[in-house]
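The two complexes that follow have chain A in common; it is paired with chain B in the first and with chain C in the second.
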Partner chain A sequence: MGKILMKGNEAIGEAAIRAGCLNYFAYPITPQSEVAEYLSRRMPEVGGVFLQAESEIAVGNMLFGAAGCGARVFTTSSSPGISLMSEAISYISSAQLPVVFVNIVRGGPGLGGILPSQADYFQATKGGGHGDYRLLVMAPASVQEAVEMVMKAFPLAEKYRNPVMILGDGLIGQMMEPVEFPEHLRSEPSNKDDWATNGMDTRKSSKPNLVKSLFLNAELLEEHNLVLKAKYDRMKQEEVRYESYNMDTDYQALIVSFGTMSRVCRTVIDNLKAQGFETAMIRPQTLFPFPEGPIKQAALKESCKVVITLELNMGQMVEDVERSVQGNRPVHWYGKAGGDVPTPEEVIEVIKSFF
Partner chain B sequence: MAKTFKKPEALSDQPTHYCPGCTHGIIHRLVAEVIDELGIRGRTVGISPVGCAVLAYNYFTFDFQEAAHGRAPAVATGIKRVRPDLIVFTYQGDGDLASIGMGEIIHAANRGEKFTTIFVNNTVYGMTGGQMAPTTLQGQRTTTSPAGRNVEEVGMPVKMAELISALETPAYITRQAVLKPKYVVRAKKAIKKAFQYQLEGRCFSLVELVSTCPTNWGLTPVESITWAEENMLPYFKLGEYKTPDEVEED
Partner chain C sequence: MQCEVMFAGFGGQGILLIGNILAHTAMEEGYEVAWIPSYGPEMRGGTAYCLVVISDRPIGSPIIRNPMHLVAMNHPSLEKFAPMVKPNGVVVINSSLIHIGSDRDDVDELLVPANDIAKDLGSIKVANIVALGAFVARSKIADFKLVQHCVKEQFASKKKLIPINMAALEEGKKVAQIK
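Now for the complex of A and B:
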């Protein structure tokens, strides 16, 4: 199949279907309502389930139920909606259910605005809901990458029995780009008979399955948290993804940036190169697990004087970058949170100001 | 002599944690008997609430999910939408269903989700120590209404069966009680009807059950039954509020 021109939001909906996910629950919110509009038409065509719920609180708990009985499910929303789903995300994480969430982030806090933003970095990577849980978080920088990440998210969610979040932004959702749906990324839902409440007859068993998150006994809750931690540790070992740019030069500054903001940074690096000033970039594709090792290693290059974090918020990922660099180089930050994406010229000014 | 007491297959051997005289145990048994009689244990999924019945899954012998507080109807919706062949029921208290979960129950009922809700109305938040619930009666003392429910401040108790009956979508809505054998017989019939409607793929169904909480009412089990009969039944009137057949006749 060749490339077709598609809007990001519609491509995300189609990617889920192509990945083998035929169940979608959602509540409308700008800038991603096109996913629901698209799937309200597409899901019936493929014999799937589409349901517009009464709230994002309900959506999250519908996902809990559907995933709990063994179905492959996903939702899409934007920041205020994800806040309401955070209750369910905590329960889903504890009950170890595979669910895919797409957050097309908008400006915040509160109602914020509807323009592109990366202000939900903390919410996605550090919690949002209560308790010790982690989401596997992937951040696409193009419509094509959003498609691929959505398709990979389902087997990953099932591998870890853990929710996976795609953290996009309004630009990824609204932008038209040529896309291809890679056939090899389609995957069959895994066998969930060991734990899913899919009915004892379905799995020809006389043993009931239970999906729960309550552990009143301290030892059992400790044990449960250790099981969860082991999964997050394994993700750190096996799932770190990042892309590096212009790394084989004697760069003087290392840029760390993700998603839409990283597209601007590429242009910045090219333009600075033309001026004879080398900079390089590490673009985390997974925000959790975070590419700590690669960032530290890149920062330690002798030519590298500073590390600069660029993000569409008031400084969130920079905390993880500082943690990665471990004081070996100064770590600077620049960002905007109102919805305007900084121009390459603006970013070049900023970078030069650090020298 | 015929054996008069036999544990339903759908009930486990585990002794319950409920207080002496608590009606949760009776209701569990009725649900289990109906599931046995309909032969649906192998394809039933129960949803337990947050409340005294959170551990209900320990007492049944089929699949269960434990929902967040009030969200059982959304959880049930998720299951039933992706697996319409499963028989799904939520088991919820009055704090769970009529307070924090009011939105979820109303919308699930209004969409006509084809699952069954067993609604245990004991007029208090049992599990957290007897605080006021939306169903607490006028003047009833609880730990957060020590002078009695003041309806000037917090309104009249919510009548869920009536409220949900006001929705147009076909549904089976009934209020029964589990206070004495004569009520229990009718309650079981209602529970069975609700599951039968679901088996036929017909409609959402809700069985509200007037129940007791001797511990938090500060009464003995016997006094609780008298109190419920005298105080709850005049306000929470028993009966069939809506049946799918009536809707079809309209």
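Now for the complex of A and C:
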């Protein structure tokens, strides 16, 4: 299959189908409503379920229930919708069920705006819901990458029996770019007998599965949290993904940026190179687990004077960058949160101001 | 090589569609492309625009304040975007609806009475395709035959609309060739 021109939101819907996900529950919200529009047409064609719920709270619990039965499920929403689902996300994490969430982030807080934003970095990587849980979070910087990440998300969610979140923004959702779809994956979670309450008679294993998140006994809850922690630690070992740009130069500044903002930074790096000023970038593709080691290592290069975090919010990822750099270099931040994506010229001014 | 084209007009003029067709054409030619719509709270008849970025290498920032070219289908779009066009760009002005110029002497201004031509062809709806034909012929941004092919693909499910759209492209081209 050749390249086709597709809107990010529609491509995300198609990618989920090709990943073998035939269950989609959602509630419309800008700037991701096209996912639901697309799947309302496509799901019946492939024998899947499209369900527009009465609210995002209902969506979260439908996902919880369906995943508990062993179905491969996903939803898409935008910031306020994800807040409403956050209670269910906490329960799903505790019950160790695989669900894929796509958040096409809009500006916040509150109802905010609908333009590109990365203001849900904290929500995605540090919680959102209550309790000691982590989501595996991936952030695409193009429509093609959104497709690839959605297709990777399902096997990862099943590998860890943990929710995976794709953190996009209005630009990724609304923009059309050429995409190529990989082949279909298998259509059923292969390990579901380990966790799904799908009926003893249909299952290979003779062990009954239990979907629950209540552990009143202190020792049992401690044990449960240690099991979860072991999974998050394993993610840190095995799932860190990032892309580096212009690293083989004697760069004076290391940029850390993700998603839409990282594309602006790529142009910035090219333009600065043309002016004889070398900068480099690490673009986290996974926000959790965060590429701490690679960032520290890149910051320690002798030519590197400063680390600059650029994001479409008021300074969230910068905390993880500071944690990674461990005080070895000054870490600066620049960002915008209203929906206006900074121009390369604007970013260049900012970078120069740190020298 | 990178160039950007801003298509702008009011909702219902088929602005996003002609941007889509150009992006599709450039993709078929093997270029990297990005098509970015204006999205936001907009009323029927309000302004609509999209930006098409075409490049021979991966596209960095797709948000461009100063496009290379502009196709303006109504008065407010020309007023808003003409000052932003880079020098030597092509500015197509739908002169059926716009009675001012770009007020620039460093761009290639092309007046196209797109609505009038479309009406003569039998449907005002193809005014956008007239403008696209004129723009492609003047800017030579893409192979004209490939644009024709992509317009046909666009209307593949409504085959009876293909002839009028082909005629619209051709009429646009004619206007562009009169200097």
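General observations
Criterion: the second predicted complex is superposed on the first by the 345 of 355 C-alpha atoms of A that agree within 3 Å, B and C clash if a C-alpha of one lies under 4 Å from a C-alpha of the other, contacts with A are read in each partner's own complex, and residues count from 1 in each chain.
Here is the rule we use: a residue touches a chain if its C-beta (ideal position, glycine included) is under 8 Å from a C-beta of that chain, and two chains touch if they have at least 3 such contacts.
Remember, it's a predicted structure, so these values are computed and weren't measured experimentally.
Placing chain B and chain C on a common chain A by superposition gives a fit, with no clash between them. In the superposition on chain A, A:Glu322 makes contact with neither chain B nor chain C. In the superposition on chain A, contact of A:Ala88 is made with chain B only, not with chain C.
When the two complexes are overlaid on their common chain A, residue A:Thr343 makes contact with chain C while staying clear of chain B. After overlaying the two complexes on the shared chain, residue contacts for A:Glu37 are found with neither chain B nor chain C. In the superposition on chain A, A:Glu292 contacts neither chain B nor chain C.
Looking at the superposed arrangement, the partner reaching more residues of chain A, out of chain B and chain C, is B. Figure legend note: chain B and chain C, brought together by superposition on chain A, show a least Cα distance of 29 Å. In the superposition on chain A, no residue of chain A contacts both chain B and chain C. Partner chain B is touched in their complex by these residues of chain A: 23, 25, 49, 51, 53-55, 57-71, 73, 87-88, 91, 95, 197-202, 208-214. If you check the complex, the residues on chain C that touch chain A are 20, 23-24, 27, 32-37, 39-41, 58-63, 65.
Those residues of chain B that touch chain A in the shared complex are 41-45, 47, 54-55, 57, 60-68, 71, 74-79, 81-83, 85-86, 103-104, 107.
The touching residues of chain A, when paired with chain C in their complex, are 3, 5, 30-31, 114-115, 170-171, 174-178, 263-268, 270, 341, 343-344.
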